[in-house]
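In what comes next, subunit A is part of two complexes: it sits with subunit B in the first one and with subunit C in the second one.
On to the complex of A and B.
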């Protein structure tokens, strides 16, 4: 069903990047990987690693920048949505800790977390947009903050070198009369036939941390990179066809495409096909790696910082995530 | 801001209860607790314990019953929202596993999880209602499936004996012309000053399962029962005043109140004050215990089964959750 454009605006964006830069050469030495393999296989030349930061600290710092850009105070927030694969702790939701660390008033905002791995931010954005359009909330903070490197499996080269740490945040609110900002369309589909392609089988009830049968490997990422690539390459084209048909926006009409920084190969596939203008597809995987749910909002924030996304521009957020899910959200910034 | 009633309907409800019944007398013997202490302190006489079921199996069973009541097939679902504190595994979301086990078609529905501990179902219901009202989805499955007993700390009597396992599911869709079903109002507020009152500090990045400093106790519930009760007793009255003012519904006007089955004392507090009719406040904590996020939908399902909630009845879902959050959702069934 076509959705009418909704007068919603991303009023602020912010990021937090840990200071520590880890090069692929360093990782190749540490993990005994042949020289040059990492950049060639994943497209990542360097990425950030946290050194002591918590998920909530990184999220709070990104949120402060986003509030500043929006010209808002923490007390202006009605809801805080955590949208990260990395949670601070199992209970309560990470959003509650961010409320406190941000100095958002006790009892003023509603806090909850959404988990859809790499698509978490985009799912949360769809949720926020419709809650705002319905008048439930006025100003919503969404953050994605990932300590992806905590769950690396050094024996699985491809995923071990792919991930980076970082956080990004967005303030979502209603567009004012005369502003072009709007949501055009959003769509997600999950292909659970691919649920095992990207997994972290621990951290839940199936392999509880206190179960003596739980091994350290179960608490680490397990990714079948070529399998994900193959499945995504098959699923994304019909997804985009349907997305374009329903939204009425042609792929060539976007001023900027912000894809999930899944892998170098994935980004190349996206740039080379589908009628996108290659110079309008944002790619910073070489210096950020894959930051899971933080990837898309971090790329959007850096695209705005670089002047590649300006007010009034038509933008497509697009990605795949564990599940396996494919998702997109089209909006005017 | 007052929300207009939205023509949304809970078309189906379902539950799954593990067969194994564990009495408080058994737990008193196992944990060396004085006889009679459990029922007196928590109000729980017996609760269910899973014996081999997974979170996704319990959720799928509950979802099958909910689909049956709604007269729908798994292929009718456009979105599946997991709303449990107990996840199957860290990645991907539990909803993806339920899509597969339910036989919902690959690539037809969007899957994601929401975490707000005990209020997860109600947060997910608010989300589903507005996504349906906006035309994004037609039929949404929400499930809450809890293996709460996996994280019991036998040294902390009050929480160890309080929890039970179980699952519940709901199918949410648009009400048809002539049907009374509607959402009237929903509201949530989080008081992060109480974030430490109910915690599970493990299971995330702060105390990663592979961190040698993570102790088994960190992977277990930690609850300050009297602290939660005291804070909730102070926060719920003004919350209900505001809720009533905004919704325009007096507390005495509800046909049934479905509270989170937090504790016997909590339920007594709710029954005795605020102008609710005591006989219209649903309470089955004596035989279910606290099933975390599954508590509210399980109570709603059993209230419908018992004929205490009928089509056209005005119902209030009300609870507190870790965060500390207070939330309510008023609807016509």
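On to the complex of A and C.
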């Protein structure tokens, strides 16, 4: 049965990309990887690397563009949600720093972070939409800002070359009468049986940074790429069946599908099966890499910039994240 | 780092030619461009010689320009040679040009090279050489190409001023390439011969290596330069009489370089 749509819209989108382009050929030379391996294995030809920017600076820059598109001022915001795997520091939440750097007034907005790695933005969007619909907040800024390069493990080729840096932000607010924008359906499920497939074991209390037993490797990202791919390939089809049943929207009905730019193979699989129109599945992994939580909002922003998503279009955000979580959110832009 | 160079606007045209010429000479290159895919394609072309560092930035945006310099300096000491090549040429009748183009043309052609030079020459060690790619448009006024002409003339005077100010510290080189067949000039129906970009670039680099600080071409363009200098009133009269021809040849068709 289709859900009752919520009259909420993404009023603004913005992005920040570092100027530095790093090609796969460069990384192959740096990490002593055979030539051509990176593009073949991950589908990434180039990605951006930050050089000195902080997570909050990148987020603030993306947020400024998003506010500009929405025609709003920082003072219009009453909530700021950080949704990144990369945090500025353990405490406080990155959202607090973004409030300050953005020049949003002290005490005017609630700031908190949501971390669901690659699905962080979509989780935050779901949260924001329902809080707005419930009347808790009016104008919410969500940002995802990733500095993936810090936790690269040069010995783990596949993950070391997959990620790119970047940030994206969205302003979420209630749709005005007469506007088509709406949230149709959102659903997330987590399979903790896959919790160890993607992890960064350091940084928490189990392997505290001050614990002498904590090794530098523990503070690096660790991913069983083929394991994630296998599990996701098994979980996504039934997830999509259920999603389409509950939302009442057939996979072929979307004007644009914005998948998490997880890997070249993952995107290919998604494009080839499931009944999506291949030309309506957005794919820019070749020049952005996997930007973790920023991946989906960055792809959405660039799809809007390219005119591939217009007001009134039905869009599906779809992805997997560490956990292992699978999630989707269907909305009219 | 013994031989390194930064080239702005390296994605196509003369910038690409300069990159190839320097790569063949063993320079490590820092390449700036606006089109990421063009930069990547150029990097593939350069692979037999060197692996360039690539930067995408829109120099018409001062914030992006300053971020680009930040990220360049975060990675490297100032390159030994800096080539200001990026330029916009929004030709056409001045009164019909979109307002935004005044800003963007001066930003890319004049403000960005000024800021880049300031930051890089203030850093240590300062570059050995800074090359300004000018144009004959900097040597005599070009009606219907007013913004380009004005910004390049400004850039020329900046370069000539710095030649004195930075003497003994950084060598300032002014290059006046001839009308070259590049994406920038491609859309103009100029009834004039255009030089091929690769040989022009090669000659510029050769002249630079020989120690020349003013690189000019002895071709037909020397005529208007001389007439403008020696007989300015006659030059104005000549331009007046060719007005229609110039106007048609430099019709504005969107500022795409």
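The definition used in the following text is that the second predicted complex is superposed on the first by the 331 of 333 C-alpha atoms of A that agree within 3 Å, B and C clash if a C-alpha of one lies under 4 Å from a C-alpha of the other, contacts with A are read in each partner's own complex, and residues count from 1 in each chain.
Just so it is clear, a residue touches a chain if its C-beta (ideal position, glycine included) is under 8 Å from a C-beta of that chain, and two chains touch if they have at least 3 such contacts.
Everything numeric here is computed off the predicted structure, so don't read it as measured data.
Student: If subunit A is used to align the two complexes, do subunit B and subunit C fit next to each other or clash?
Tutor: In the superposition, subunit B and subunit C stay clear of each other.
Student: Identify the partner contact of A:287: answer first if only subunit B is touched, second if only subunit C is, both if each is, neither if none is.
Tutor: second
Student: Thinking of the overlay built on chain A, is A:52 touched by subunit B (first), by subunit C (second), by both, or by neither?
Tutor: A:52: touches subunit C, not subunit B.
Student: After the superposition on A, what does A:245 contact: first (subunit B), second (subunit C), both or neither?
Tutor: So A:245 meets neither subunit B nor subunit C here.
Student: In the overlaid three-chain picture, which partner chain does A:26 touch, first (subunit B) or second (subunit C), both, or neither?
Tutor: Touch status of A:26: second partner only.
Student: Counting residues of subunit A touched by each partner, does subunit B or subunit C come out ahead?
Tutor: B
Student: On the A-aligned overlay, A:18 touches which partner chain: subunit B = first, subunit C = second, or both, or neither?
Tutor: second
Student: Measure off the angle at the C-alpha centre of subunit A toward the C-alpha centres of subunit B and subunit C in the combined model, and quote it in steps of 10°.
Tutor: Taking subunit A as the apex, subunit B and subunit C sit 130 degrees apart.
Student: So in the superposed three-chain picture, is A:199 touching just subunit B, just subunit C, both, or none of them (first/second/both/neither)?
Tutor: In the superposition, A:199 contacts subunit B only.
Student: Once the two complexes are aligned on their shared chain, state how close subunit B comes to subunit C by Cα atoms, in whole Å.
Tutor: Least C-alpha distance after superposition: 16 Å.
Student: Would you tell me the residues on subunit A in contact with subunit B in one complex that are also in contact with subunit C in the other?
Tutor: After superposing on chain A, no subunit A residue contacts both subunit B and subunit C.
Student: Which stretch or stretches of subunit A touch subunit C in the complex?
Tutor: Residues in contact with subunit C: 17-23, 25-26, 29, 45-46, 48, 50-53, 287.
Student: Residue numbers of subunit C touching subunit A in their complex, please.
Tutor: Residues of subunit C touching subunit A: 36-37, 39-40, 43-44, 47, 51, 53-57, 64, 67-68, 70-72, 74-75.
Student: If you look only at subunit B, which of its residues touch subunit A in the complex?
Tutor: Listed in rising order, the residues are 1, 3, 6, 54-55, 80, 85-97, 99-100, 106-117, 119-120, 123, 126-127, 130-131, 133-136, 147, 150-151, 186-193, 195, 198-210, 214, 216, 219-221, 235, 321-325, 327.
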